[in-house]
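These are the structures in question, set out in turn.
In what follows, subunit A forms one complex with subunit B and a second complex with subunit C.
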Partner chain A sequence: MRDRVLAILRCLIFVAFSLVLCAVVFQFAGYNAAQMLVAVVDGAFLRPGAMEQSLRWALPLFITAVGVGISFRAGYFNIGAQGQFYVGAIAAAFAAELLRGTPALIAVPLIFLAGIAGGALWALWPGLLKLRSGTDEVITTLMGNFLAGLLLVYVSAGPLKDPAGSGQQASSRPVDAAYRISDSLGLSPTIIGIAVVVGIAMWLLVNRTSFGVLASLAGRNGTMVRWQGAKLWQLGLSSFVISGALAGLAGTIELLGPNGRITSGFLPAHGFTAILIALVANLSVVGTAAVSIFFGGLASAALYLPIMAGLPAAAIDIINAAIALFITARSNLLDKLLRLGGRAQ
Partner chain B sequence: MSSQSPPALACRDVSVRYGDVAALSGVSVEFAPGLIHAVVGQNGAGKTTFARVAAGLVRPTAGTVEIAGQAIRTGHVRDSRAAGVELVHQSFALPPSFTIVEAMEFGAAGRGGFYSRKGLADKWRAHLAGLDIQVDPSRRIRDLPVETQQSIEIARALITDAKVLILDEPTAVLSPAGIETLFARVRRLKERGVTVILILHKIREVLGIADTITVLRGGRRIEGPVPAADLGAERLAALIIGDAARASEDRDALVGKGRPLAEPTAGQPGLAGRSPVLSMTAVTTAPDSEGAPLHDVGLIVRPGEVVGIAGVEGNGQKTLVRAIANLAALSGGTIALDGQDVTARSLAARRGAGLRIIPFERNVEGLSLTSSLWENWSARELLEGPLLKPVHPSRIRALCDRSLKDWGVHYHSPAQRAGSLSGGNAQKVILAREVDSDARLIIAAQPTRGLDIGATAFVWDSLRAARDRGAAILLISSDLDELFDISDRVVVMLSGRIAGEFAAPYDIQSVGAAMTGAGHAATGA
Partner chain C sequence: MNDIVIAILRSGTPLVYVTLAGVIAQRAGVWNLGLEGLMIIGACATILGIMLTQSFVAAILIASLLCIAASVLLWFVIEKLKANPIIAGLGLTGLGIGGTALAVESIFGSQATVTAPFGVPRLGPAFGDYGVLSIFVAAMPFVVFAMWLLLRRSRFGLQLAASGEHPFAARGVGIEPARMRLVALAIGGVLCAIGGAELAGGSLQFFAQGMTAGRGFMAFAAVIFGASHPIGATLAAFFFAIAGALGIRAQLMFGDKVPHDLLQALPYLATIFGVWLSGKLGAANTAGAFGELKDQ
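== the complex of A and B ==
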């Protein structure tokens, strides 16, 4: 328990550090740092409607991040959430196009299945390569991101192209309005419900099943689990597939929810932010929920910064990156300070 | 000390506390120059902490350290090294991907500048040759056998003109032959005037090499340094263990008398009639990277029987265990557990049939050091059910707590990391997991390696108790005393084959001959 409190405290201190650091940098760059900090907090949580806007970003991020956490726990550095998210959205968009005209009650579940399967598939092949022949999953999943990004460009400019579209970016035909699970604001009881179900199911999987305990053991020491008689490929591949499936689910939500279509290059940082969230949350499901809301807030503030502080929206990326740097750096010094008087190792 | 010159190393009233744990309490000791000193004690006696204080790696909470009569700043490794004190750690610290040349140059901490590959190679080849280490210096550390890695560690420690060389548990990783080589090397160092301090815990080794002996127990100096000649093995064992003296039978074995016991409890008359728990027939394994393959191995272990596997390390013992665990591919032969052919069955199925393994590598194959104790403890049982079986961590933690207490593990909480336990305690966690009432065949691979006397006796007692409950035990050990003491039969492996089988009373000469392939494949009486 004490460790958990310390972990949270450590996180908060790091976040504070990175915000201060960014403030200093922006101050020197000629912006008003105080105004920036106010804008971030305001845009994320205080402004009317900010909470809803933050949740709109937080929920899909949470779903993807929980999946990332599951493969990381099992010891596989699947950094392909972005690609799995894209392929999920693409598969769902194809399904939505094929099913156009079918009643929503039949079509929507099928679209979800297609999206989940698409994401799972995009995690399956790096998983197989890793477990069959030891191919480094960092390389394959990273490549998978690029492939999926190009696939998205092709699909939205080719097979699924919206003939009426005239924007700078190619996009698919809008999904049948009957299939949409939220309006363009992107928050609805359905999406909240899906996130809650995913959260509970994954919490149970991680904390209350043999799979959770064994996958975590395997992630830390695969050899030991093998000597206990576990089939490593079973634990590993299911972790890959679950993480891909959840990213695909998030892609489907973005399609049927706020976006209503797929656009080449849409939400290009989704998967990477999810990785960041999973790491900041130390791979815990509950932590991921909390951190997702925080990062959802930052995403929501990103739209608010230009108006309030005159900062480019990309400033949020700098803040994200600073937080990532600080948190993954894991300072021993800070741990010691936090444990004042505790047992040294 | 009769010597006129100041002690090579002296500690006065040294105390070290880690939080509220006292690792050393007021230890004062002087080591005369030019001798081989042994510092002995059980795990947790403070030996390693002592070595680290002496080498300047740990700053004591109180006390002073003098090197050759000069007081030095404690806790400053540079000062200690400058004064000529070098420490070779228990676990090696050489970068695995470096070549020997690179590792040596790295250790020498040169001033930078230009190098020629050949020049460096020549320089270090000469250094190694001066220490009688015959190895191609362009080989990579990770490709070297442990014996050679250790020699390189020692060579690196001797780059500068070391006056005092401290070796922390140098024999823990070595085969009996490797230990002899090490000791020969230590004696040559002594001839060159180096003061050697050996941290050891095997009494026989101590008496075989040390000029003086210092005994630590519970962080205090109990005895010494006294001339080794003044201490008998039994006296030394009593000093190390203290009041918690073990049964004299075990003590004799621990002391390493190596005499066969007259069938302690092993003389079960009906043993031969019982149907075997493990029967391997003509098992041959496909060659792989992990060790010598098996050739035509036939082995039977009956219930209530301890079969010992002797052999020089690397002669297929590890493959034998992996074959029984279905972790090595068989190219021929069959393996049966309790009469059931399990040749084609998974390790999970074999474990279900009562196979239990105390593996060679405690910290790699046995435990996940960064995982909690309860996770480690519960892994075997969790794998018996389906993967999605609900578990209740709090209930497992409570069961684990009880089990670990029963096994006498010293720990704070089941949630603590397995890596925070000492070697003996870690082994007890593995025992708690593997030695349960459903165990039919227990494979104990080097179960006491690196353990102190108390923990060793504990492991033996547990194996004997399991044997008495009717389990079959396959004990693989490089310690012949251990094998002779608790095995009902000893089987010798050589180059992946069974090279002989012996029954008590064991004749160390013929077992040794079978191990080295010197004699005929003997079949003992």
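== the complex of A and C ==
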């Protein structure tokens, strides 16, 4: 238990350190850092309607981040959440286009299935390559992100192109209004319900099933798990597929929820933020839920900053990046300090 | 024919410099996913430096110093704080993209592109059609050759490879792997600064937000595809540039009939195939699991 508290404390210290570092940099760049931090907190949580906006960003991020956590736990460095998210959204958009006209009660579940299958498929091939031929999954999933990005450009400017659309960004035809699960603000009981179900199911999977326990063990010591008779490649492939399926689910939610269509290059930071959330939360499901709200708040503040503090939205990207830079640090010195602090209490 | 060669040289040269930076980091055992961020810092600093000092040499010095500083930050985080190189590198990339956007906005008060009065010096009319190319294009073959000498034919290169592949063995014969990685990342910083400068000032003369548009990651893919050999990786970078140029050419000739996004996907598919093949053959793979340094 104390180790877990220490791990959380360490993460919080690095997040706080990154925020202070950013504040110093912004101060030097000629912005008022204190005003900026106030604006971030205000825009994320305090302003009227801010909590709803933060949740709107937090819920899809949470779903993807839980999936990322599952593959990281099993020892696979799947950094392809962005691509799996895109392919999920693309598959769902195709399904929505094919099913146009069918009653929502039939169509919506099928669209969800298509999105989940799309995300899972985009995680399946790096998983197969990794487990069958030992191909490094960091590279394959990274390349998968670019391929999915190009596929998104192609699909939204080609097969699914909105003929009425104009402007620089290609976008697909809007989804049938009957299929939407939220308005463009992006928060509805359906989405909250899906997130809660995913959270509970994944918590049970990780903590209360032999799969979860074995997969976590496999991440630490694959040889031991193999000697105990577990099928390592089944565990690994399932972890890849589950993480991809969840990213695909998040993509479907973004399609049927707030966005209503796919646009080339939409939500480009989704996967990266989800990886950050999983790492800050130390890969625990409950932690992921809490950390998602923090990063959802940052994402929502990004839209608010330019208006309030005269700061470019890039400021939030910089905060996220600074957290990424430090979050995996395992400084011995800091651990010693934390242990000393724990003893003094 | 000349114009397509010029187009390929123009788009390929920035990629080659950044790829070489990735190669030297890879030899030292560091998976450098911060290349994208370093490149955009180099591009932004060159253009702003030219505007500030009216001197190309001063601008490239400023860009190099900034990129070295950013590389040293990455080294500090992964070596001293023992952070995961891949996540830290992605963080550095985010810092570069966001930081340059913020810098432009805080100096000029808008997100518009920033145009410099002049760019990288050109070769001049003595070279005929090729006179429009910058001096960095002409220097590129020599830099590639120098990197090959440094990495494959020098004592330093051997020590660097030892630090990357067998840090413990390296330490056993009195090499300090941490210091070797610092040197490698610093040299990579200079190369990224040149790559960024060539991108922003080689044929264009402006800096736009996010103008690297994934070239740093493409360079990383070229490092892997080229098995972290300086010449192999250079060829891989040119393969990417040729695929890109052909994609644009195909679109100009056939309009929308050939989906050029799919042609652009070729380099990435080729990289996946290359990594799969090298995994099959049991070659390469110089980093530990999760891209961690091998002595941690």
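Assume the second predicted complex is superposed on the first by the 340 of 345 C-alpha atoms of A that agree within 3 Å, B and C clash if a C-alpha of one lies under 4 Å from a C-alpha of the other, contacts with A are read in each partner's own complex, and residues count from 1 in each chain.
Just so we're on the same page, a residue touches a chain if its C-beta (ideal position, glycine included) is under 8 Å from a C-beta of that chain, and two chains touch if they have at least 3 such contacts.
Everything quoted here is computed from the prediction, not taken from an experiment.
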item: Contacts of A:S210 with subunit B and subunit C, given as first, second, both or neither; value: first
item: Which superposed partner A:F326 touches (first subunit B, second subunit C, both, neither); value: second
item: Touched partner set for A:V66, first subunit B, second subunit C, both or neither; value: neither
item: First, second, both or neither for A:L55, with subunit B first and subunit C second; value: neither
item: Subunit B or subunit C, by number of subunit A residues touched; value: C
item: Subunit B versus subunit C as contact partner of A:R226, first or second or both or neither; value: first
item: First, second, both or neither for A:A91, with subunit B first and subunit C second; value: neither
item: Partner chain in contact with A:M36 - subunit B first, subunit C second, else both or neither; value: neither
item: Which superposed partner A:A247 touches (first subunit B, second subunit C, both, neither); value: neither
item: Touched partner set for A:G158, first subunit B, second subunit C, both or neither; value: second
item: Footprint overlap on subunit A, where subunit B in one structure and subunit C in the other make contact; value: none
item: List of subunit A residues in touch with subunit C within their complex; value: 25-26, 29-31, 75, 77, 79, 129, 133-136, 138-140, 142-143, 146-147, 150-151, 153-154, 157-158, 272, 275, 279, 312, 314-315, 317-318, 320-332
item: Parts of subunit B lying in touch with subunit A, wherever the complex brings them together; value: 18-21, 325, 327, 346-348, 350-351, 357, 359, 361, 364-371, 375-376, 378-380, 382-383, 385-393, 420
item: Contact set on subunit A toward subunit B in their complex; value: 205, 207-214, 216-217, 220-221, 223-231, 234-235, 238, 342-345
item: Contact footprint of subunit A on subunit C as seen in their complex; value: 31, 33, 73-74, 77, 80-84, 86-88, 90-95, 97-99, 101-103, 105-106, 111, 209, 214, 217, 220-221, 224, 259, 261-262, 264-265, 268-269, 271-272, 275-276, 279-280, 285, 289-291
